[in-house]
Amino acid sequence: MADTLFLIAGGIIILSLFVAAIRFFLGPDPVDRVIAFDVLTIISISLIALIAHEAGRGIYLDVAVVYGLLSFLGVIVVAKYLERGL
Amino acid sequence: MLSVIIIIALTILVLAAAILAVQTTNLVVAVISAGLVSLMASVGYLFLSAPDVAMTEAAIGSGLSTIIFFYVLNRVRGKDHG
Amino acid sequence: MEVLQITGGFVSLIGAVFLFLGSLGIVRMPDSYNRIQTGTKATTLGTLMFLIGVGLYNPSWFPKLIVLIFFILFTNPVSSHVLARAAYSIGTELTKLTVVDKLKDSRGEDIDA
Amino acid sequence: MDFGLVAVVVGFLLILIGIWGILTQKNIVKIVIGFSIFDTGLHAIMVGIGYLKGRTAPILDSAVSPADALTSIVDPVPQALVLTAIVIGLGVTALMLAYVVRLYDYRKSLDISSYEDLKW
């Protein structure tokens, strides 16, 4: 029962990865692509938690912590560059 | 079954982001696409049972090198490119 | 024990649905500011619920997941705020449906604001 | 489905895309980006070679006991090599970008065809 629910949740996450990538590849403005990159990073954190659950190894969650830190830094650097203030 | 679907999705996204990074003329878009290549490759390393490589690739390939590229783009900011 | 696992599965499923709605929003919204709004709020809630669901399934992972949840909760609104401010200052145009722009009004009437 | 074979094929395609970017682009920053993609493909190939089917990560904790580590973990040596290669790749990329800044200060251009001092 619970495994079926996690399987459906994984399918929905893969679908949302593709839908966010559509905006990344189409986006007319650089700002739109940065937003899509941020959303793809957040979806990847969920995907890593799902992979750790499927593999049964708690050590994989450390990768997600590193992801959370660096998406924050990357988006702030891009915003400062666009604002001409880096 | 789920892992095979995830691998196929990651493969498509990595190759599409690499082609966009090489092909576009806007330098900001090119640097962000190169960051997306590293991001998706580092999710793929988890399937190859290499969490240490995934952690380093996420920290350096997707975070630190993007910061260095934007620092350089700020230094060479001209009139013919963004 | 079985109840806890099924509860975790349902919470994860709801979180995944929120993630899908957030990523559908950045495709369908008309301009950059609306995309920033839907891409941050909905996906933050979705990620939090998905991580709580995984933690309910495996209770021994809760300390690491709590750190991750607080990290996402603190850093994600900051990055979206900085990005929206940069997008306004470089002159990204608003959609035709915009009713009020209070930042432009307040900048127009007093100079040193 | 063998994930190691998939990683080798994807890494080879990334190397081809990187070489295509290095050889066809005029902008110097785009050439450095092509080199960065080349590097990522190389790392994917090295990790894919070390993967063994059906085994888990080489970290000993409650899921993998030291007694049966020999039959349940993948090869850790290529992963250690790739860890070093990633850091060295960052250093090489930073060096190339430092030369980009120096070249731009010298002639105020990022086009590779405007540097023709060594042509004859």
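Going by the order they are written in, the chains are A, B, C and D; count residues from 1 in each one.
The criterion applied here is as follows: a residue touches a chain if its C-beta (ideal position, glycine included) is under 8 Å from a C-beta of that chain, and two chains touch if they have at least 3 such contacts.
Everything quoted here is computed from the prediction, not taken from an experiment.
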The chain pair with the larger count of contacting C-beta pairs, comparing A-D against B-D, is B-D
Chain centre separation (chain A, chain D; CA means) in Å: 21
Could you state the distance in Å from the CA-based centre of chain C to that of chain D? 32
Whole-Å gap separating chain B and chain D, where each centre is the average of the chain's CA atoms: 11
Residues of chain B touching at least two other chains: 47, 51, 73
Chain D: positions in contact with at least two other chains: 56-57, 59
Sequence positions of chain A contacting 2 or more other chains: 10, 17, 34, 55, 57-60, 62, 69, 78, 82
Using the definition of touching given at the top, classify the network of chains in this structure as line, ring, star, complete or other. other
Would you mind giving me the full set of chain pairs in touch? A-B, A-C, A-D, B-D
Parts of chain A lying in touch with chain D, wherever the complex brings them together: 55-60
Mind pulling up the chain B residues that touch chain A in the complex? 1-3, 5-6, 9, 13, 16-17, 20, 26, 28-29, 32, 35-36, 39-40, 42-43, 46-47, 51, 54-55, 58-59, 62-63, 66-67, 70-71, 73-74, 82
Chain A-touching residues of chain C, taken from the complex the two chains share: 5-6, 8-10, 12-13, 15-17, 19-20, 22-24, 26-27, 32, 35-36, 39-40, 43-44, 46-47, 50-51, 53-54, 57-58, 60-61, 64-65, 67-68, 71-72, 75-76, 78-80, 82-83, 85-87, 89-90, 92
Can you name the residues of chain A that touch chain C in the complex? 1-6, 8-10, 12-13, 15-17, 19-20, 22-23, 29, 31-32, 34-36, 38-39, 42-43, 45-46, 49-50, 52-53, 58, 61-62, 64-65, 68-69, 71-72, 75-76, 78-80, 82-83
Which residues of chain B touch chain D once you look at their complex with the stated criterion? 4, 7, 11, 14-15, 18-19, 21-22, 27, 30-31, 34, 37-38, 41, 44-45, 47-53, 56-57, 60-61, 64-65, 68-69, 72-73, 75-76, 78, 81
